[in-house]
Structure formats: C-alpha cells, structure tokens
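Quick one: the structure is below, and I'll ask about it shortly.
By written order: A, B and C. Residues from 1 in each chain.
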Amino acid sequence: MLGLSKKDTTFLLIVIILTLATPILLQPFPENSALAQFNAGYPDLMQRFAIFGIFAIGFNILFGLTGYLSFGHAAFLGVGSYSVVWMYKLLSYNVVPGLILAIVVSGLFALLIGYISLRRSGIYFSILTLAFAQMSFNLAYSVLTPLTNGETGLQVYLNDPQVLMDESSPTSPHFFGIVMNESVKLDVGGWLFTFSNGYYFCAIIAIIVFYLSMRIFRSPFGIMLRAIKTNQTRMNYTGLNPRPYTLAAFVISGMYAGLAGGLLAAMDPLAGAERMQWTASGEVVLMTILGGAGTLMGPVLGAGFIKYFENIFSKINDNILHTWFAALPDGIEDAIVFLIHPFIGKGWHLTLGLMFMLVVIFLPGGLIEGGSRIWNAVTGKNRRKKHDAEHHPKPAPHVS
Amino acid sequence: MGILEVSNVNKRFGGLQALGDVNLDVAEGTVHAIIGPNGAGKSTLLNVLVGKLIPDTGTVMFNGISVLGRKPYEINQLGISRVFQTPEIFTDLSVFENMLIPCFAKRDGAFRLHALESIAAEKQLIEKAEHMLAEVNMADKRHMIASSLSRGDKRRLEMAMCLVQEPRLLLLDEPTAGMARADTNNTIDLLNEIHEKRDITMVIIEHDMHVVFSLAKRITVLAQGTPLVEDTPENIKGHPKVKEAYLGEAAA
Amino acid sequence: MDAIILQVLNGLDKGSAYALIALGLTLIFGTLGVVNFAHGALFMLGAFCAVTLQKILSLSFTVEDPTQKDFLGNPLKVDTPYVVSWFGDATGNAILNWSVPLAILFAIPVMLLVGYVMERGLIKHFYKRPHADQILVTFGLAIVIQEIVKYFYGANPIPTPAPDAFRGSVDFGVMIGFAENQIIYPYWRLIYFLFSAAIIGAVFAFLRFTTFGMVVRAGMADRETVGLLGINIDKRFTIMFGIAAAVAGLAGVMYAPINSPNYHMGMDFLVLSFVVVVVGGMGSLPGAVLAGFLLGVLESFASMNEVKSILPGIDQIIIYLVAIIILLTRPRGLMGRRGVMEE
C-alpha cells in the first residue's frame, strides 16, 4: 500500500494509531493520583513531541543516512518560525500560507548553505554549518531587526496589515477556522483526556512527513545516501557524483526543520532568535543519536524521550522528592534528596549532558539498538550483524 | 586504433620524472598488463588514466574522447571501471545493495532525485543485480553485510559491481595483492572467465608475474617512468631488457 | 593611524584568548586526533579557578568592633578575612588584591589534574571512534561541566577584579610618539596580551627544544611510526592533554578581570575558537595562533563605527564570514598541512 512493502505498511499503521491515540496513552495515571505529574498528555507537551519529532526525522535524513553532521540546523528552525509569523502579520492567522512559506524559504536557505558547506566534508562541514547558523543567529539579533524584531522576538501587533482578516476570523492561529489552541476535554472516571486541535494538526503533519521519510529510506535515493556514508571513492568510480545527492538530502532536511519551526509558531504565534542558537542545533543531534541515527523510528523516539524528560525533570522539586522518599528514615531521605537535587528542576541540563555522554559512550546505536539488544537477549537470538551496521553512524571516508 | 591511446604523457613531481614519454595503445578486447619494478610509474600512470592526476603533457584518449581533466565519475560514465588494490565496496551495505548502486548508476548516469520511488518497483534492475551475483557465485551471500565478507569475496563483489555496469574497459590495480595463493588462482580464473564471456578490454597493473603471465595477451614493461618494451607474454619472458630492468643486470 | 593602532590593540586581548584556546585545541587534535568540544569549558574552568581562589581568600570571620557603632548603636560587626588576620593588614590585603595573578599558581595544578582525569577517564576511549562521536561526547561533557559550575556558582557573572595596581589605563600613544589621550589602553589588557605571548612562546619552546616536545611533534606528524619506535606515545599524549588543559585554564584565569566569568563563557569562546582553528589550518600550531590574533583584530576593526555605518552588523558576523571565505578558497586553512582531516 502507498508504495510500501507489507512490513512497512504495518509499521506505518502502528505509528499512525499510536500517534492518534497519544492523548490517551500518555495519560496513564488518574488526575488526582500522586503519579499524575508523570502524565504527558497535555497539548503543549504533545505538540512539542510531534514538532521536534519532525525536526529530528528531517535531521536524520541528512546525518543518519549520509553521515554529514550538521551543527547548524537550528537556523532553519528559526527561519521557519519567522516565515509563519510574517504571514500572520501580513495576511491572517491562517497557518497554511505561513507553513508553505516556511518550507520554501528554509529550503532555499538550505540550498545556499548546503551548496557552500558541502564543498567540505567531515569536521570542516560541521564547523561550516555551525558558522552559518551562528551567523544567522547574530544577524537575527542585530542587523535584521526589521525582519526579526531582534531581542524582543517577532510577534503580531494590532496595527499589522493582516489583509485577509475580517470580523469573523479567529484571532489566534487556526487552520481554516479550526483554532489551534482549542481542545476537547474528556473526563472518564478520574482520567482527564485532552484532545487538542493543535496536537492533531501537528500529529497529522508528522505522520505525513514520517511516511515521506519512510519512502526516502526505501528509495534508490536513500540507498545512494547510505552508499555515500560508506564509501565515496567507490561512489565516484561507479559514475556517481555524490554532491547533488548530499545537497538534496541537506535541502530536504532543511525543509523538515523549517516546517518544524513553522509549526512552533503555528502553536504559539511568536518567533525569537534564540531558536536559532547552536544549543538548539545540538539538541536535535542529541535526539537523533539518542533514538538511533539512521533508523526510521529512532529520531522520533529520541525527540519524545528528551522532551518528556525535560518536562518532567524541570517540574520536580525538592518537596516532591521529599514526599517520594518520605517512607525512608529522615537522614537517608535528606541524603537522597540532596543527591538528586542537582539533576532536577533547573538542573535538567546537567541530566541532559550526562545522558548525552552515556548514550555516546555505551549506546552509540541509540535506544533502537539498545532495544534490539534487549530483545535479542530475551529471545536468545544472536545479534545479527546487519543491525549493527545499519545503526552505527560511521563517518564516511570522504573524497577530497 | 586501440580503444585506449596514451600518447607522449609526461608527469613530473618536483624533480622526479614520474612518467616520461609514455605511449600506450590498448587494442579493444585484449588483456593488457603493465608491469615494472617498484617506482616505475605504474600507479602514476593508472592515476592519469582515471583522471586523478593530470599529466604535464600528452593526451589520453578513450574511444576517441579525451579523459584528461574529467572527474572520476565522468570517466566512469565514459565506460571505464576500476578495481582497486584493496577492494572499495560499500562496507555498511548488504551485498545485494552493493550490487544495486552500480545498476542505478548505469541507468541514470547524471543525478536524478528519485526520492519517492520504491526500490522494489525496479524489477529489471533487481533482476540484473541478482543475475550478476549468481554469475560470481555470491547469490547465497546476498543478505550479508559487505564488511563481513572474506577478502576474496570482497574482491569478487567489487568485480561484479564493475562488470554489471558493462564497462568497455576494466582497469585492475594489483587485483591479487595480499591474497593467498588459492585466492589468487580463483581470481585469475574469474578474470579469465569474465574476459572469455564478455570480451571486455582489461588493463592490469600487477607485480605478480604468475598473475600477469596467466592473464595478459600483451605486456608493457615500464621502467623509470618510460615504457621499455611492449610485446606478447612469450616474448617478454626471455627479453634481456626486462631482466635488466628487474634484476639490474647492467652488464647484460 | 592612531585609530588603527587602537583597534589593533583592542583586538589583541580577545585575539589572545582565541589564540590560547585554539592552541590547546590544536595540540589535542594534532597529538590525540580528538576533536574536543569541551575545550571551551576548560577555559571557563580556568576563569572559575580565579573566582574560587578569590572566594577562598576572602573567607572571613566576624568580629564586633567596639570602636564603631552601627545605626542602632550596637557595636559594628566587621568581616575580617582570615588571610588578613594571619598575615597582618598590609600583607593580607595585598594577597586579597592580587588574587587573580595568584590564581595562576592555583590553576596550574588544578587544570593539569582536570586534563589528566578527562583524558584517562574519557577521551582515551574515543581515540578509535569516529570524529562525530568525539564531537558528541565532548559536547555532552561541556554541558555537564558548565551545569556543575552553574550549580555551585549560580548563573550570574562574578566580578573578579584585577589588582589595584593594574586598574586604569595606560596612555599607549605617548609611548610610541603620538599626542596624549589618543590611544588609551587598559593596563590589564596589555598584561593579558603579554601573558598570552609568554605562554605561547613557552609552549613553542617546549615543543621545539625538549626531547619530550620533539617526540610529541613527531607523533603529530606520524603517530604510528613513533609508536613503532618503542616510545610510549600514549603517556606523553596524556601529559600533552594536561598541558593543553592548563593553557586553556590559564587563558581563563587571566581573562577573568576582563569579563566577569559566567558559566557559559566557555561555549561562547568555543565556537569562535573552532572557527579560529579551522581558519588557521587544522593541526597547525602557528596557524592557530596567527588566526587567533588575526580574527581578534579583524573583529575589533569591524566594530568601529566607521565600518559599521557602511556595513551594519558586520561586527557580528565578520569572523564567520572570513572563516567561510577561507575554507572555500583555502580548504586547509591558512597554514594547514596536507592530509590532516581530509578523510
């Protein structure tokens, strides 16, 4: 179906069902229970799952398949956000023109940056992309203020033209009248489920782009990209010029990032330069490797994992810890809380950094590989070599 | 007129004359070996043939088209394939995927974005790849990851990847370097078989005289960057100049 | 003319910091073949060595001073640093005042130790791993170091003043024959530049004139062969990593009075230092130093009002722009060696 093999179709169907059922699946605990803080089924967080999932899926097409490590993808995220807010300002709060513009502009931007950066490979490529992203960030902060509104961030003001707005138009982002921040709440015996328009909008787009990435993975183009990662010399001596392929991958992943940035602004009509900072680029790298670079589902898992823990860890504070360990003797309780304290609340970044290191050190294949290792240990199957090779991001021996 | 004509090629590296007035005429359908002691310029010559080096003077014509200044992928598109000293294959891909790449390359030549096509739909190409794998007796290894193949099998796979493109000229750079005797003999048999079946022109750069004399129809002896003699294997065997070049029998 | 000299001088202090960090990065990259994204964090740690020493030195006890009264009429409580009570007023206050230069002595062993632990504990396991993995793991380490510092010292910059003797400015113009008040340059920046030059000189001399340095240079050129000679290159490389860490740390210590240290100063410098390394040529020590000063000075020129009025915002992007142009026209950087990082 849809140009996929049977196995892939089943896989896609499972992904679709899981995605659509997310508002229910991520609310496993009743609202009044102590564990309710571990619920993740509220719109803001779920939207971020979907949006950063898209970002990571796109990044994976470049890094996972070709092995080119870009440290500048946040620039495209920012470009996407700015595009959408500009369309709000000029036309109306309908997100469609903005998202289209976001994809187009980030694609063009990626074409320019990619064309230059891809003349180099390896670490030079990483640093070139980093330089471009930092440059865009600095420009967005200073000279381009008329376009980006500098430090304040771009937002819609009352005196903006908004030529397509009339009396009946919604005054917040919407999709042909479906307002993003509206939702249906359902209270079922203590469980509270929120079905938000914004989440479903993001989720459906995420499913579509996931399907596209699946097609790319299984296409001749996908195989070419993996071949580039493995051996550019043979690629050349097979009559293939690697550069257009890598450039295409770069542009596609840039467009994914632009779309993700656009969606961020579609959920919350703001765009700020800090979205383009290189730490944001680092985050998407982490999501991709945490999940498993080069695998289909890995980056999505990685994105969800990081956004979930970011949310949970930042929320926990000492009081909550004390209630958890209240059963223990006081001294031990205090000691445990004291030990955990640096990692929670504002210390989330410390946890993130540690996680980053642990994954790279012990699980270079990411969660997917970890999962398959456990699975194989349980089922007693020998680890197939095939998996190993598919999931390990190896740098390509590039031709100079 | 041969299919590959090298005329008056000179190449200097600083003070070193790597190639001096090299003339070579490879007839279509033959197996032509280039031999010579270490530092004779064999590798330099090969690098000129594949576009990696541009000579100071001279021309290299393939089938009436100059290859000089062309990128390796352009030269491949002209119909020249190359087998490396250490097999260059896509080690992270499966054997079958390795075979698919040259099949796609053959179909497209230039870049085409087929990002949303399905590989499974390319029945003809798949058939072609499978056929070629069967021909080199690797059909049963099609799902193996290329990095886990034995050295001999890697060589076989690389050869198959070159052959599936149906090149008009196959360049072989010491195809048996570092191989055990048995593997070497297998490779010789494979090459002979390929040559008989497909009539592909081959240029072999080789150290091992056993390999050269089992394969070549014509031999050029290179010494200090200049061709010494060119003749049939029988005549080369006892040639005094060759002995001189190899053994340094200056007195002879 | 005087404006030009002033801008050159202004660029020198930042350029010195770039050069020192880039030098360490290149040492690590050249010897160990590791791309160290945590090097900026080492610079930051150095600056916090100065902060820490200042805090330790100003540890105080409180005494009631009966001669003075506070506004309620009670005896005034006065904090007296221990050093003051131990060494007497004059010496004690001098020690406090000179805490930043003193921190150099404090930072050297600390940074060597940090470098040693980092190399043995983490980096050595990454020699054989792809560069992407090295980048990622050191990036993670940088975040961890940064967050630990933030946890203990907070997010706000901590003022770490230079000794009183070096506050204020020198009229540099008079010294080289210009009119008065034309080229005014803060003392400490001048000292920072001289200090950096001394360190750079020391590192080069060390590599040039000691056997140890010779082996390391040989190792940079061809690691395998040196290993085959039976020289324990790994041990030397560990020491080299420690030295690189110490260089970055010292750059940080002395930089503390110029910009009050905060926990993310390392990251800010790291990105630029990487650009510097690439511009200078990966693996080239003189290249790193040259590019460091060059980009520092260029940045300072770009922030002149005359330039900014023609090209607004150029000061924000000049370094990146230059890096991009150089990488595209001279792929190996200004002084890069053939074969380094080309595969």
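To be clear about the criterion, a residue touches a chain if its C-beta (ideal position, glycine included) is under 8 Å from a C-beta of that chain, and two chains touch if they have at least 3 such contacts.
Everything quoted here is computed from the prediction, not taken from an experiment.
Seen from the C-alpha centroid of chain B, the farthest chain centroid is that of C. Nearest to the global CA centroid, when each chain is reduced to the mean of its CA atoms, is chain A.
Centroids built from CA atoms put chain C at 34 Å from chain A.
With each centre defined as the average position of its C-alpha atoms, the distance from chain B to chain C rounds to 53 Å.
Each chain gets one centre point, the mean of its Cα atoms, and the points for chain A and chain B are 46 Å apart. Shown for chain C are the residues in touch with two or more other chains, of which there are none. Each of the following residues of chain A touches two or more other chains: 394. Of all the residues in chain A, the ones that touch chain B in their complex are 3-5, 212, 215-216, 218-224, 226-227, 229-231, 233-241, 244-245, 248, 252, 385-386, 388-390, 392, 394.
Those residues of chain B whose C-beta lies close enough to touch chain A in the complex are 50, 71-74, 76-77, 81-82, 84, 88-94, 97, 100-102, 104-106, 109, 111, 113-122, 143-145, 147-148, 158, 161, 165. Chain contact summary for the complex, chain C toward chain A: residues 35, 122, 125, 129-133, 135-137, 139-144, 146-148, 151, 267, 271, 274-275, 278, 282, 312-313, 316-317, 320-321, 323-324, 327-328, 331, 341-343.
Within the complex, the chain A residues that touch chain C are 67, 69, 116, 119-120, 122-124, 126-128, 130-132, 134-135, 138-139, 141-144, 278-279, 282, 285-286, 289, 342, 347, 349-350, 352-357, 360-361, 364, 393-395, 397-398, 400.
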